[in-house]
Amino acid sequence: MDTLTFIVSLLYQYADTLALLLLAAIGLIVIFGMMGVINMANGEMMMIGAYITSFSYYAGIPTPLAVIFGGLGAGLVGIVIELLIIRRFYGQLLASLVATWGLSLIMSQGAYLLLGPLIKSVPTPFGSFGVGDLSFSYYRIFIFAMGLALVAAVWALFAFSRFGLHARATMEDPSMARALGVDVKRIYSLTFGLGTGLAGVAGGLLALTSTIGPFYGQTYTPQAFITVVVGGGAEIVSGLLASALSLGLVKTVVMNQVNILLGHVAMLVFALVVIRMMPSGISDWVERRRSQGRRA
Amino acid sequence: MHERPLSFRRWLGAGVALGIAAGLALAGTGQARAADDGPIKICAIDDHSGDFALIVKPKTLGYQTAIKEINDKGGVLGRKLELVFYDGQSDVKRHQELTEKCILDDEVNVVMAGATSSAREAARAVAVKNKVIYWHNNQGEGGIADHYSFFTGPIPEQQILTGVEYMIKKFGPKMYILAADYGFGQVSAIWTHVAAGLYGGEIVGEEFIPLGNADYAATIANVQKAKPDFGVFYLVGGAQYNYYPQAAAAGATIPAMSTVNIQQGYEHKRYPPPALKDMYVPFAYLEETPGDAAARFNKMAREVNPDEPYINEMTRAGYIAVHLMALAWQRAGTTETEETIKALQSGLFFDAPEGRVFLDPATHHLTIHMRMGRINEKHEVEIVEDLGFIEPWWLRTLGVNLVAKDEARQFLPWDDPRYAKYKK
Amino acid sequence: MLPLARLIDRALGPVNGPLETGRSPPFWLIFLGVVAVLVIAPSFLSRYELLNFSNFLTNIFLALGLCLIWGYAGILSLGQSAFLGLGGYAYGVVGINLIEAHGNTWLALLAGLGFPVLVAALLGWIMFYARLKGVYVAILMLVVTLLIETFLNQTAGQGWSIGLAHLGGNNGLGRFSGVIREPPSLTLGFSADAMMIFGGKTRAFYYLIVGLGVVSYLGLRALVNSRLGHVLVAIREDPDRTETLGYDVRRLQLGVFCLSALLASLSGILYVSWGNFITPNVFGVYYNILPVIWVAVAGRKSLTATVLGAVFLVWLSQKLAIQGDIAFVVLGFILLGGMMLLPEGVITGIGERIGRLFDRLGIGAATRGGRHGG
Amino acid sequence: MAAEPLLETRAVSKRFGGVQAVSEVSLKLAPGELRCIIGPNGAGKSTLFKLLLGSIAPDEGTIHFQGRDVTRLQPHERAHLGIGVKFQNLAVYNALTVRHNLLLPLRHQFGSREVEDEIARLLARLNLVGTEDRLVGSLAHGQKQWLAIGMALAMRPKLLLLDEPTAGMGTEESSATGALIQAVTAEGVGAIVVEHDMAFVRELKAPVTVLHYGRVFAEGSFAAIEAHEEVRRIYLGAARSERPRRLRNRQP
């Protein structure tokens, strides 16, 4: 195999790994960063997004719209969950984590009981292209781009919108924000809905290239957790990017050179080393290096 | 200083404690023991929740169908058959506990439990220790020689050896193995090595996939790089099925053979075509199996449960197991274990939905009518070759004869000196 | 005050501090009653019931350990079953290798208790000395345990043996090799002809568990009411503050985490001794969510509630398994409902509520709010 | 030994990501000296407080306590050297009794006999007599604040770090607290009070250090600081000129 093919193949795999890490973690890290809450039902939100996408597609709705519906549906479910459940656990982060774990059990097994194990997969769009001996899926590259686009959208939302301003104020100091007239409860509901909505879109996007069943989202959960732990919740966008880029690199290289199992092991070991060396998350560490560089 | 008046709260807490303890202690003490003229109890532990529910649920339907059919004709030895069903929850420990319950509490006459090799071993160990007949009713890695254990599913010499031989003849010698990274996948991979050695194949790549792995970019590239003539896939569980749509999207579909996909997980019904085009399956049973017997069986099963999405190989295996037990009890004239085992070892046959099966007394496995199916671009099954009636011969070549000599072990391909040279 | 109460107060001094539910004389009378029922239970339980009940009881130590770190010290681990599994595996591996040569399982027991503690010490050192906060510890432990499961699942091949013990992949320790070598039951004694074998069906095993259970329960009650227990509660309430009072929070967290691993490993060893069987399943999601459900639903700040909750909920989930598909949904609802309606735990909470109702009606004596340590 | 300061920071700096929270702050505190640290929101007060107690380490600079370099010591080690801390929030243990709250620090240095006397002494000093067996959760707000100070005193500190000791207190309670702090410093304990409430600072009549954007902006007696034009300006203009301070480590 020639060098070009090898490089293209490796880059493609890196992009693919990154896409999964970004999509699996983005909803989780938005909620964690803004509210401190780990949503253990993140995988189930992806499942909801995937289910709605599949149902919409087979109801004759165009694929892009079906994915958007998946995101909206999961977002609405998230807002309802926030109103009914999460709200009761403000300030009790471990309790909210356990409660959402219970929710995850109910949703995955409930989906199984109600809808059965059989959800029709949606065909993968776009076809494939070849480089040298290998052929690749356009769609997988598309979801990588979508992963980046979602991250950029989140950044823009928090940087430029009124909601983002209020959300950042709330994140920094909820009581101060309240004093300044921000409806903190509404911000929390919307933030949670945004997080689950992102998970839903991610679920819908991945559904076009995966098996969909009640436990579909759980597959991605461990990777999403590692991404969040390494990224830290302080800087949502840069944390997520720094974490996904480094973890994805570790995983891709080890997976390519050794095997898949060790790829996963290497990610965990890397994560443990990172937290031992930079407990406040990789983004904080990176930023500190950067500011030191500036100073010097 | 520490004076504290009594409170109802503490009384209550303690009362709850006592109540639960007493309740547990007394639970079930008054259960009636099964009388000899009561129903004959068949214990079935199948996963109706958790990871394996999708493929295992149809198995229960097989039991129900056979029991209904037999009871409608008056039962066995004048007694009705009764299914004692428990949900194994895709959980190995649960299988162990529930088998204990079936045997010690429900006092069943036979245990049929476990789909995965791990759940099978958990349940089987309990049954064997308690000297109760045990059936495993789906395809497996084979090799178990045990006085109390019986098998209805196809085993490697029926599926892998014949399947790989067919694929080599049709597509050429080079194959790539993708296997789930656990017992079943690893043993199947070794059997594939054996098949390649026996039939002039060449293994150009081999990859073990952790259970639950969901993305296959690296694997797809590896397969393409190796340029195999065909693939041999032992992929298990929802996440691993992702390989198929992802490979299809990358335009990297190759003809492939599998012993678990299609016949258990009916992927051809669940994925939009043509993701599984050119998938070859050496099978004992698919819902699409030709013939009147199969049609009758499908109809019967659908009457029992109209909602079952697919009648799979496990439905057929469960169905056969109950019928063979009924025949054995009938022949033994009793449900006593040793007499029943003697009857099971007396050369039983049964007209199964796919054709006649014969229970080999020496190995406790079935001679099965195997067929090779191909999934076409519309995801229909085409029968491309009739593989004929294949005996469970491998254990016999190792000298196993359970009629003459008891065994209690599992032979694995690496225990066979003739195959040592095929291993890497 | 009743003289009896004073007497009991003095006798039970160390275990009867304010950081545990149930301190009154009637409680201890009923406690004795329960122990008495447990002692005579084998004479009226059927063989299956005894076997099954023993199985339920093996979980107590896992639950107590989680209650200790979560309820008292404020550390939630979503991967607590990892220590159960590592204990079971370490015990089994050493047991398989040495049972024939030694005729006993003392060393296996030691290995089973020691190995998980070592792992806990390493993980704890990474997590607590990095001052990693609560939710990170919780989800990291889950990731760790899931990865151990994935790793062990692929150890079916011939190469994965430690001495005579074949790891056996998903089929379980000692299986998946030509000759099946199951992990042995605890075989303890001090001379070759006086060995006691604690198999799952034996009364000896049952009494061993009851004995260990009572000792662990009372021992932990004494611990949480000791000076150390107060420090643990202080760490739960405010680790920063506790540090400025001169306590090395990292070291104490590490210590209590290791103790919980020790308790979990005891459950693992007993589980293996009970059924001569262990598979990587014990590292999976459901084995790790179950102890969290027991402890959360029963009342994480009470050892008593935890024990009762664990036994009851294990029993319930087995009953539910018999009903079929609904088991996990019901458990999920129990967890969620319990946490929303009675956040301090159902057993703790219901008792408290009814107690308050009686107070209002003037029945029974006044209770002092919150003195149960909740 | 007046030559040796009780506490000395030499140009300590601390950054969080891109934000310079504390910049080259040098302080000296003599034994028995009382010092107030004030500054607008985001001036770096709480970061400096954390650097002094040891829960974070400075990026640059050193901290010396009684001549010993404690820059890298953990909070519990500093506590044993004699640095007592009272946090801004109500850092008492609601789930424990008053007695057990006090026992936590006292147990380090007192045997079971002496500890009872010490508890009695502290309760009297803190106006908390009779609350011994009550759960702290049931105390009044001011009582909790006193208990928190008492717990810091129970360590027999040589230096007391107090972050907004009168937050949420009424005027009377504030005065009592001020008197308590002055009494303690009169016994030779050094004290640093980080405070927002100018009325209370005025009451303490102690030298004041003003922080602004992480730097020492002004130092002097309260009267001098109160008259300082620039200080008045940054205090009044604080709400407008404050830079967004990003919150780190939002972990529970």
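Labels for the chains are A, B, C and D, by order of writing; each one numbers its residues from 1.
Heads up, the rule we're going with is that a residue touches a chain if its C-beta (ideal position, glycine included) is under 8 Å from a C-beta of that chain, and two chains touch if they have at least 3 such contacts.
Fair warning: this is a prediction, and the values are worked out from it, not measured in the lab.
A.B. asks: Indicate, using Cα centroids, the chain positioned nearest the centre of all protein chains shown.
C.D. replies: C
A.B. asks: Measuring between Cα centroids, which chain is at the maximum distance from chain D?
C.D. replies: Result for the farthest chain: B.
A.B. asks: When the C-alpha atoms of chain B and chain D are each averaged to a single point, how far apart are the two points in Å?
C.D. replies: 69
A.B. asks: In whole angstrom, what separates the CA-based centres of chain A and chain D?
C.D. replies: 42
A.B. asks: What whole-number Å value describes the gap between the mean CA coordinates of chain B and chain C?
C.D. replies: Chain centroid spacing, chain B to chain C, equals 34 Å.
A.B. asks: Find every residue in chain C that makes contact with two or more other chains and list them.
C.D. replies: 132, 134-136, 150, 154, 325, 328, 371
A.B. asks: What residues in chain B touch two or more of the other chains?
C.D. replies: 49, 53, 181, 208, 210, 212
A.B. asks: Quick check: what residues of chain D touch more than one other chain, meaning two or more?
C.D. replies: Residue numbers touching two or more other chains: 249, 251-252.
A.B. asks: Which of the residues in chain C come into contact with chain B in the complex?
C.D. replies: These residues of chain C touch chain B: 1, 9, 21-27, 29-31, 33-34, 37-38, 41, 44-49, 51-53, 55-56, 150, 153-154, 156-158, 168-172, 175-180, 182, 275-277, 279, 281-282, 286-287, 304-305, 308, 311-312, 315, 318, 321-325, 327-328, 347-348, 350-352, 354-356, 358-359, 363-368, 371-372.
A.B. asks: Could you list, by residue number, the parts of chain C that touch chain D in their complex?
C.D. replies: 18, 132-136, 227, 230-231, 233-234, 236-238, 240-250, 369-371, 373-374
A.B. asks: For chain B, which residues are in contact with chain C within the complex?
C.D. replies: Residues 2-18, 20-22, 24-25, 27-29, 31, 48-50, 53, 85-89, 91-94, 96-98, 100-101, 104-105, 116-118, 121-122, 125-126, 181-184, 186-187, 208, 210-212, 408-412, 414-415 of chain B touch chain C in their complex.
A.B. asks: Spell out the part of chain A that touches chain B in their complex, as residue ranges.
C.D. replies: Residues in contact with chain B: 1, 9, 12-13, 16-17, 20, 109, 112, 116-118, 120-124, 126-130, 133-137, 139-140, 209-211, 213, 215-216, 219-220, 252, 255-256, 259-261, 264.
A.B. asks: Please give the residue numbers of chain C that touch chain A in the complex, ascending.
C.D. replies: Listed in rising order, the residues of chain C that touch chain A are 70, 74, 76, 78, 126-127, 129-132, 134-136, 138-140, 142-144, 146-147, 150-151, 154, 285, 289, 292-293, 296, 325-326, 328-329, 331-336, 339-340, 343.
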